[in-house]
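Heads up, the next two complexes both have chain A, just with different partners, chain B and then chain C.
For the complex of A and B:
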């Protein structure tokens, strides 16, 4: 791509000089050459060379720019945990994204050669290139939103999950302040005290909005007002909260409602021996229970919180999530470039391979890819350079709390220099390191163009 | 950040008030002398949208009284950078409305500012409490006049949620915690905490700290004269941890809080599907409630002052925009006249009537505010007198107190994620602060 722009800029000065009087004409030629090159040199000097040199100089000074600090900024760069994280993330980006993009682009380019609506397909894939990173970032921030009502990915995740699993009856309910129940190591709640047959238990729960009770719920049965039956463990599971306040924890007050449909288990030595479900008034009973001491357990399934989807924007998934957005934008670029290379390939080798009975996959692997290698390298190296400079997507997609988890060098450079850090010394140092990292890839690209010309 | 929110939250309802009260201010104009005729005063500030429109009404009244032309330039969020470049580029405005104490001090240190005239000083002395005068002064000289202020010690609640739980507005932090537990028991999580934005967490901390450790310690900490590892900080963090540490009190738990920004936190309490009973943030919450959610402040949404912690006085944390005059401005004299005008109760009353505005000026009559809620906030701001404290994170260097993803914002987010070790959090805060204050 950039081959076109770098080629033959200076040759303009070559023509124009007449033969004879060699010394004068040479001097004239040099003068003309300098005159012609001057604007370009001035521009390059002012816009490229000077800023680079100044950044290098600035990186040896402190935040204010007045005190020479030697290599302190570089030292801080490699010891500061935020910058280290940014370095690591940039490394991951460089390792993963260019290879992935080149691969996906190659596959798409080869496939589009073979489909009928190739152009339409290509336009579609290329379209995201026309969208600014800012807009794409904002769009993906929404796509990844945790709330299934906003984030489309989580809408799908929750939708699929909920068709497979039933939701619980009383999400988020927990024992009331009466302390009749305690946490039972991931199995829900169980009675604090052991229960013997002939006794009733009063199990108050809170944290359920009264408006969300099922319509069949009735006022809670009050165990204190009825006589327990011998050989039976019974009790009530109820909402231990009176709307508007005034209820007593652990006591079934007149206005309190039973909780129907709660699964109740009778346990002995940690094993479940019987289970039942509560009635509309919240009551339950295990009759014909042998003497002994039991526990009553409300399994965790009653209270499971509804599935909230995947935390795409959490610390763990944030970098892959941003990479996916980047992939969405840049796939078109690599596909079109590789596609152009593909179109320029001599067909005869493919035909020959086909005649020799090679399968399509073999042709792809053994003929197409090797012949495409120069194009693939250019795409790959260009992407490496681009990926090292990735900034906007990370800045926009990563929410504040995980910004540091997603941090990359270019973003860190901006953050420490202008985004609040106000330390342009350290920022320059990061810029210089970034330049050094990009340099090999640039050198490689330039060498390739030179070789391509000769 | 804060600014943008206040702006997006700016009320649509105000549009009515604007047209209704717009004409009032300028009637007296014709009789006044036109001493500044032909001069132009340029004012820069962060205001956009409704806020800008309202401020322009104030400027129009000034023009009518003095004959000066006025021009408002919006600087966007980063006032210090914009003004820096304007001063260096020889295109400085005459008056700047500075939104942070830190920036005002920075300007004074760079020798950008003209001390206020004797007239302006006299109005500040008679109409403002000493606290506001202090925040406008650097090195004993008064440079800034706080024209607009905010009240950041307001806990907003849904009356329905509190009635359902059968609790009333608490007066102490202990009562607040008890009320919060009861609200949670009633089935609605007590608080929507805007943890995705870091700065609401700093405001939480500042309120607790101001009340618990007292104004003196607050000032010392704001200037980093005591380290963040000070026992008072650890204690305040521990207190804050009693709220942040209890998943049942927070809508969506701690994890949910970290994914909630300010607008969402307000929506969680006052939206159509209430998911929490209370949210803490400053007066600008009312703008979101009425503007974005189309609910009525005063009936659907009410507030109570941030309760007192451990017997200390109830905190009044505030912020504000100070008018300063730039040396580099072309029309310094006229600029100073404008500041003198802004110091008068009349100038504050114009905007007060339009709503979305609080004035620290004691001369502004309570009746100027358009509704009871604003009146109550204005009253608490003025009544706090010298106990008012400016938002601490706005006094700190931006790297520590004002940047997303780093410094205090980030560390308090980490604290919200895991509030189990206040000591370690204090130590992290101190190391970040030490770096930022030295740089």
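For the complex of A and C:
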């Protein structure tokens, strides 16, 4: 990219001094020049320069602008909890985002050099730079939607979660009124009475909509209708509810359905000694059980509410979530700029390093990155300036209740001055602080320009 | 949006070069490196496959949010409430333009859309014109304090708009511009000017001196030279600037949020007011957002090279 730099900035001052041109009076030439520059300079003076002075003065007055309050607004800026939060968040943004973006841009720029469809890739990644923060914000509100049936990110999160851990078969189910089961302190439900081998248990559950029954469910096995086997604990887990009414709690009525796929544990002294899963008719059996006193437990996993995904837009993750959206927008900028810098690097050092047998990673670290340092600096500084002023994205993505958690200086400035705060003194002070924060970049620009000319 | 603000750092700039220059332009993907030596070809092939794979995944991740927005905008609000947009990919029959028909018959949205046009177009033309005039003056005309004033303009490149919001609002209030489209336009023009002047001045400065001298010898007035010579020769830079400025103003929300009233508000402001009930307003917000981003996207794809050059001009050397 350095190839594109304006190498020869002509000393334009010599413009009028050439011999042989028609003599014009110096004053006439100055007048013409001023007429050319004046409209722009007037606007800049009235709407940029004057407001800076005004804001500086205004920041020393109170909310209404009637009373001089010295540095009180600046004092409030650094002590008020909302503004402090905004300052802290802005600091986090500045520390994290430019470095991350420069790094990601660098990696992608290097990788794209190795593929044939680099241009298509760059266009795709660069595309979000063209759209508004508002549109990007709406797009990401949709991505982050809490409901896994709407937000694509939570759909992925739930999908991954449910393949790693089994999803529960009967969320929200609870024991029927028969009192055969009781809560087992976070471990699900267990039988109230101890069970001995050779006995059957009847475990009725309710709270499962008939529509949610698995299609393989069959009418429940009735333990009362068969003889128990010695050395065996068996029983049935069933939906203790007759559609249309008429069932008796705790008794398997003819129309009641078994609950297949329920995990059942046999416990002794609180420890699990065996486990099984119910059949389509809800029956289960533990055979070969030694004599003694047991409990039958239906572990909590059977009834857990489904995993709802991550609360991306909650107070904890809101800032990282907004940063990710910002990354989506700005990566193209960083990648394309660094890519252009990369393309302009002299090839001979790279070739020499390759000849010496350096690995691609060594070349990247020891040759490419140091040579790219000027471009990386410019990308980084540009990003710092822009990150300090981030407003729209925070305003759009953060839902009302967590706006304070996501607050940044530029947003706080708006909130304080226009969005209900109506404290123009404090608002001006925040504006002045923002200006002070970008001052180093201003000096950087001016120095670079002067150096470029000499 | 954003692009304007990239007018961050660079003083000697990556301006698109004048016609005679033979340097590389900075279009993305302009250059490729030669392949690896034959010896390491097998390893390179394997590694190449990995790189391709990673980039494909990145590309898909980048594409997903926009596709999601677009597909959502084609579904009915009931469908959107009931299931994720990705389920519609296998049932394209459920997609349709009903949401678009609804918002396009909603006069508040169409009115806001026209306001966006009425703000963006004049703000772009005015910046280009004023900056071209000033850029020419800074590059080729003499007036006292010229270089010093130009340094001030460079300093203004990074001035945040936030500093201007309160004072200009007060100023506009006094002269009756507050809440009007001309007010919004003026603010955008003022804050677009530093970068615009900077870009055009640097470009114009590279026009060969002999060309200008010849024109002056022929007795052309400065105005004639500006119109017949500078503007045509500066076309590439002017195009970059115009696209850049247009997109910035089109995408702006903050300035319009403050300076436009209900009757003059652009699409971005009209849409953000619906954000509070995000869940129930998705059938307005999704097509609205798409309506708002389709124009920038078309501009981007049509003038991609100019756009990228404009963005790069804002920073790098």
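One rule holds for everything that comes next: the second predicted complex is superposed on the first by the 264 of 454 C-alpha atoms of A that agree within 3 Å, B and C clash if a C-alpha of one lies under 4 Å from a C-alpha of the other, contacts with A are read in each partner's own complex, and residues count from 1 in each chain.
What we mean here is this: a residue touches a chain if its C-beta (ideal position, glycine included) is under 8 Å from a C-beta of that chain, and two chains touch if they have at least 3 such contacts.
Since this is a predicted model, take the numbers as computed values, not measurements.
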**OP:** Determine, under the contact definition given at the top, whether A:423 touches first (chain B), second (chain C), both, or neither.
**Re:** first
**OP:** Considering only the touch criterion stated at the top, classify A:400 as touching first (chain B), second (chain C), both, or neither.
**Re:** both
Subject >> Touching partner for A:391 - first (chain B), second (chain C), both, neither >> reply: second
**OP:** Determine, under the contact definition given at the top, whether A:135 touches first (chain B), second (chain C), both, or neither.
**Re:** second
**OP:** Would you sort A:143 into first (chain B), second (chain C), both or neither based on which partner it touches?
**Re:** second
Original post:
Should A:63 be classified as contacting the first partner (chain B), the second (chain C), both, or neither?
Top reply: first
Subject >> Broader residue contact with chain A after superposition on the shared chain, chain B or chain C >> reply: C
Subject >> Partner chain(s) touched by A:347 [first = chain B, second = chain C, both, neither] >> reply: second
Subject >> Footprint overlap on chain A, comparing chain B with chain C >> reply: 399-400, 418
**OP:** Under the touch definition given earlier, write down the residues of chain A that touch chain B in their complex.
**Re:** 62-63, 82, 146, 172, 174, 176-177, 206-212, 241-246, 311, 313, 399-401, 403-404, 407, 415, 418-423
Subject >> Residue ranges of chain B in contact with chain A within the complex >> reply: 81, 163-167, 182, 184-188, 195-198, 248, 255, 258-259, 261, 397-399, 402-407, 409-410, 413, 417, 439
